[in-house]
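First the structure, which I've put down as structure tokens, then a few questions once you've had a look.
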Amino acid sequence: MAFSLSVTQEQLVHWRRALHQHPESSLLEFWTASYLAEQLTALGCDVKVGGEVMDRASIMGSPDDAVKQHAQEVALAQGASAEWLDRMEGLTGLIVDIRPDLPLHTVLRFDFDAVDVDESDSAEHKPSREGFRSLNEGRCHACGHDGHATIGLGTALELMRRRDSLRHNVRLIFEPAEEGTCGAEPMVSAGAVEGARYFFSAHIGASMTRPHSLACGTYGFLASTRFDVEFSGRAAHAGIDPHVGRNSLMAAACAVSNLLAIPRHGKGVSRINVGRLEAGSGRNVIPAHASLMCETRGSTTAINEYMFESARRIVESTATMYEQEYAIRLMGRASTAESDAEMRDLVRKVSAEIPYFHQDKVEDLGPGFGSDDVCAFIEAIQKQGGKGTYAQIGSHLPAGHHNERFDFDEELLLPAVELFCRMALELDARN
Amino acid sequence: MAFSLSVTQEQLVHWRRALHQHPESSLLEFWTASYLAEQLTALGCDVKVGGEVMDRASIMGSPDDAVKQHAQEVALAQGASAEWLDRMEGLTGLIVDIRPDLPLHTVLRFDFDAVDVDESDSAEHKPSREGFRSLNEGRCHACGHDGHATIGLGTALELMRRRDSLRHNVRLIFEPAEEGTCGAEPMVSAGAVEGARYFFSAHIGASMTRPHSLACGTYGFLASTRFDVEFSGRAAHAGIDPHVGRNSLMAAACAVSNLLAIPRHGKGVSRINVGRLEAGSGRNVIPAHASLMCETRGSTTAINEYMFESARRIVESTATMYEQEYAIRLMGRASTAESDAEMRDLVRKVSAEIPYFHQDKVEDLGPGFGSDDVCAFIEAIQKQGGKGTYAQIGSHLPAGHHNERFDFDEELLLPAVELFCRMALELDARN
Amino acid sequence: MAFSLSVTQEQLVHWRRALHQHPESSLLEFWTASYLAEQLTALGCDVKVGGEVMDRASIMGSPDDAVKQHAQEVALAQGASAEWLDRMEGLTGLIVDIRPDLPLHTVLRFDFDAVDVDESDSAEHKPSREGFRSLNEGRCHACGHDGHATIGLGTALELMRRRDSLRHNVRLIFEPAEEGTCGAEPMVSAGAVEGARYFFSAHIGASMTRPHSLACGTYGFLASTRFDVEFSGRAAHAGIDPHVGRNSLMAAACAVSNLLAIPRHGKGVSRINVGRLEAGSGRNVIPAHASLMCETRGSTTAINEYMFESARRIVESTATMYEQEYAIRLMGRASTAESDAEMRDLVRKVSAEIPYFHQDKVEDLGPGFGSDDVCAFIEAIQKQGGKGTYAQIGSHLPAGHHNERFDFDEELLLPAVELFCRMALELDARN
Amino acid sequence: MAFSLSVTQEQLVHWRRALHQHPESSLLEFWTASYLAEQLTALGCDVKVGGEVMDRASIMGSPDDAVKQHAQEVALAQGASAEWLDRMEGLTGLIVDIRPDLPLHTVLRFDFDAVDVDESDSAEHKPSREGFRSLNEGRCHACGHDGHATIGLGTALELMRRRDSLRHNVRLIFEPAEEGTCGAEPMVSAGAVEGARYFFSAHIGASMTRPHSLACGTYGFLASTRFDVEFSGRAAHAGIDPHVGRNSLMAAACAVSNLLAIPRHGKGVSRINVGRLEAGSGRNVIPAHASLMCETRGSTTAINEYMFESARRIVESTATMYEQEYAIRLMGRASTAESDAEMRDLVRKVSAEIPYFHQDKVEDLGPGFGSDDVCAFIEAIQKQGGKGTYAQIGSHLPAGHHNERFDFDEELLLPAVELFCRMALELDARN
């Protein structure tokens, strides 16, 4: 079946590179959300934002007001729309209903936040060489979400053109804070998938590292808990009174060494990371404060629980050891979810119509190993009797996800838009 | 012998509190230096600043230009003089010669930088209760240098009044960056004590923790080496590819654990501190950068060398262990120096004329245990055949040096000014 | 098909309990090997031992002569046969050929060494309660190899009865040092499976923890490397000269902390254990020696290599950090191997004839997660075009493998003998 | 004053080398005590042993009965007297009263236990080269106590010759378990110095590392606490169930890393050592047991308390962190004590009569830095109004105390005997 697309490769690349230049951290994607809102509006979409699409009470690990304020100022300085920021009420999720007049049937989902990594400025790195490297120091689209949001825009354009032929409502969810695994739950709580039958989403790359390849679904997502730790000790003069201090930096170092050594779990995959540590003040002062950003993962909820409970015990006993006051704050949580076989079969069938995908490179399932906030949507859909899948769109990757040199093939953008459109139309045709 | 002072307690307290509210880090004391320059000028002094008083090439651990630029902007915003900042050429040391027309004979020295500690906002903390708490977050005059600079201003005022009776030049050195132990060496290199016979300086508190007490000299200063460490590894997705990362945060934690466990030296006092550690970026990224601020100390140069060489070996082998690139950068160095008995005797004699000091609380020597940049001046003076001492002016201390609640008795300011004046006059009378 | 067994449950329990009381470490199973040799001889078997069945040059991690001498003395004191010990030449493997006159076709394999664990003396532990607890302190049959050897004896008895009906030779390998994963390679090198077509072996318990259950094959064995580490430093008086010492105990502790924290591998299962650490001499002496017994594992050879190379790097850099001389000695190695589907199908078919096995509890494959020396045999068989499988015979387990309270159901011994016999006869019938 | 000695250098060297060949651990000096008893008896002394000279209830850290039994068997095999062992009742202290008929006035004290170090077998090491190296593996007279006991025998011989001229009783205490700092207290408790006025003892070497030198007293002894730690966790299969184990070896490593990093005390000397660590059983078993031998020291009781309490906190929180049961057992304790000036002056005066000692190498005081059980005697003497001193007899030392190559000049033995005799006679002449 021939399928004619209106969107051009040039348009997609333009969108993608604009997004790539403005990477923003989880829950602080003000420029990006404003840009998406403007582009979607220009495509004729009715864009919903704010408390209507995200339940504020369900947000874990929200940055404090000063940080959000600052992020909004930066976004404004980079050209974000003051009006859209105003309507967002500090929340960065967006929802577009193609046919709000019809009952919700199918949900497509695109995430758009970035990673806290400094993008490479090497000439071997294409975004650097071709002038669309990150403008935001310490932030980088090193996970392909700029591509996901671009595909979302392209899909919106195509579905708007075909809106009159739809039998049901198709919803496009633009999810913030996937990296923080704290964007999906507030949207689910606000009813983002309520009543829907089908869910489709996809990730660029992941385990599919060859061009023209595709995994129709994903297995092996890791349940995850994200948490921050604070230690407070007592400062003292490091030369005169070292014994008087209660060294928070030492406590942090001890905690890290032991956290990373939590025994591997015999029944499945376990993970732990301390992604950030900051401790102390002056060189000659016994450090009296330390903060750590941590996460645990497990291939089952039980394994993740084992990791997190071990971590909690280590933090607590380290605090006792170093006479620290301490706090452990939950900052995010991800569950696991399996792609439905029926949906995977449909992805395979649909992909066969798109020449870009080489059928000998199409797999039923790719491993998910990482955690993905998409699970919260799939879980919610499945709980209400619906079905979902999470595909992986293959790409050559110059470097792994979250690496400063991560990049993907822009040629996949057009076939990816076609995949989402065809999925939406096929699903719309079902009951 | 009666001794009439023109400076008032009110004036001293005013100066001290103004200084206390504007604590600045080593080599970044732009507001303070500008304030001192203005006050000294108002007292009729001819103030020398810039390359004339500090040898730029001898400065270790200078902050980079952006940081200095920012510090100057903050200082200007807080009312620093643009003209003085201009004349300083980015260097914050000051020298006042009371009789520049006569040969240099006596040097008095006052330091004025602050500590990188957040000042307490408790109502039990007098600066907080009485409204002169630090305006600069993360910086605090928790070592009494605001008092030292105040005493310097009072001493300048008194010596200017008596300038005609002087037989030689008396020089007042206002030294920046004592906490960084990197302020004295550039001043010595620029000739600050060249040709001088006598050197006198003093610290508030230290080992003298009772009001009305005094130590006429100090022993047991610790030699010290200050250095920064950088680790660079490789970022990776913490969920998908933990084994691909080269974890700089883990390297830092491992280094800290082993640095703090360097065996105590059997022949004397040894110290080590990692005062600050910063590592990693995002929570779900294997950290690829870490930086540490460290210092070692020893009661002899050899012991300090043992500590530093052990630290270097630990850093290097940790880098190998965690496959890191690394750098060790020297940021400061302090030597040890003994107070001369002849000078100590003079301090004792002079103090007997000042009722504030209770003679039963006057000691020959107080232990120095910490490191003090003053040693570089005393060493230079002694090398050219001169003599020096470093007194300790007793005070009740609500909390130890470098603690967020450190404070001292303001009543000691006036007798301290008298002590410096009398010392200058007595020494001036000698050949 | 009815199948009549001559061996009785009483006989099997008698053998098993005798073996259980005499647990011996890898390569030191002198009593056990002597006992097996005597029992097999009594059954009419021709038992081969010594250099003929184990290639001395292929043995890794052999204990030193004094330790072997001592173990033989203990064995003799416990009633081992001096004659057999003599014939063994210090090697503890045994081979029985049921029909040495015919070409080798089928190999059955039984391992018989014990674990270095102190057996529980609790009344809840059956061997303790019923009086057949380990007589050897620090050694325990906590992995069921006493059962394996017992099944081997039973199988020998049954096959000897049926020897005239065999078309080919059936070989029974009694393998020592499975726990050390260093018993199979020397036997393979000596030609133990040369020319054979089929290989069958089984483990009691493992992932099958319900009575009457059976896994027909095993997947997911871990490749493993076993190694010892020695650190040599310099002793010193801990009170007077701590800085003069080169602390081997500290080096060992540092190595352990970092070894256990080797990042999990993203592509599969990784393991590391430091099973034993001994360091230092007197309380007031800086420790100058340390030794560690370690092992790494991985679900692929590459992952195990990653673990071992990381471990090697940690040991080396720790040695540098603590100024130690060091040695890393390889003590054993295990590969991975997959059970052949054709063989698994035969196990399933055969098990259906044995009422003890409940067909709803028969699985195709059980996970192997641990490492097993059996892989060396299977690998060798497969390399020469043959086929093999490693079954798991289910049992209720009061505690996990290698735990001091491990035990298994003795009722499984008789059906297990039948399983081995039937497998041998079925395979013998094939070409 | 001329002073004629009967004992010969040959005799002293003979005794010393016999003792050197039979080094024994604290509280296990059965061969040595028996040998001393026999030699002293041969000199005509009445030797007291057993419960009369050591209060059994005051002994800390006594080895268990099996270890003592074994040590006695070894001693017997090496020629110890069964009769003396019998009389000792398992206690190894000895007391000789030169004039039991007169009131106790002066106490001389000699210690005789060895260090748990393997003696060097290098040809550069004299005891090895000349054939009197330790016969007991892992034990070595690396602290000169063989010399001390030899001097005690020589002194006994000389005082017995002069016994009729004595005005008071002179007591020779032969103290075991000085290295364990648990030999003095039980002797003090049994009344060993009750009623005495003067106490004299000496150490070979220590801070006096030149031949012909002498320190008349010692300052700076370290208070010390000796303790053992046990961790008990849970064993598990390291390949299958690593998460099920509770790893005692990891707990021990974590404890060690943190114990050694207890912050240095700002007010004086602090020490910590973990002298021995043993953990785990088999290579592939998660270790379920660990034991550590530790000691803390401090130049004041308060500093030692700080070290011990920090250590206790670390052990306890490590146990929590690794889910271990644990025990901390006190094994010994040493106090500090100062030598009396009056006694030091006498040592100086007496030494001037002995040509061996070069007066320009005689110091008032040498630093003690280590801990010495002698403090318990001096403290007890001083508490009852008496006076004491602890001298240091200089020697060239090829290697530091407790090093495997420690040795001393045998030429000092004769002048040392003269020093003890002259001190005894001078003190006897006083009231």
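Read from first to last, the chains carry the letters A, B, C and D; within each, the first residue is number 1.
Note that a residue touches a chain if its C-beta (ideal position, glycine included) is under 8 Å from a C-beta of that chain, and two chains touch if they have at least 3 such contacts.
Worth saying up front: this structure is predicted, and the values here are computed from it rather than measured.
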| item | value |
| --- | --- |
| Chain separated most widely from chain C, comparing mean CA positions | B |
| Between the pairs B-D and A-D, the one where more C-beta pairs touch | A-D |
| Rounded Å distance between chain B and chain D, as computed from the means of their C-alpha atoms | 47 |
| Mean-CA-position distance for chain D and chain A (Å) | 66 |
| Residues of chain D engaged with two or more neighbouring chains | 237, 239-242, 244, 247, 250, 254, 257-258, 260-261, 263-264, 266, 270-271, 286, 369 |
| Chain C-touching residues of chain D, taken from the complex the two chains share | 25, 115-118, 138, 143, 179-180, 206, 222, 224, 226, 234-242, 244, 247, 249-250, 252-254, 256-257, 260, 271, 273-288, 290, 293-295, 297, 331, 369-371, 400-404 |
| Residues of chain C touching chain A in the complex | 257-258, 260-261, 263-264, 266, 269-271, 369 |
| Residues of chain A that touch chain D when the two form their complex | 237, 239-245, 247, 250, 254, 257-258, 261, 263-267, 270, 286, 306, 313-314, 316-318, 320-321, 323 |
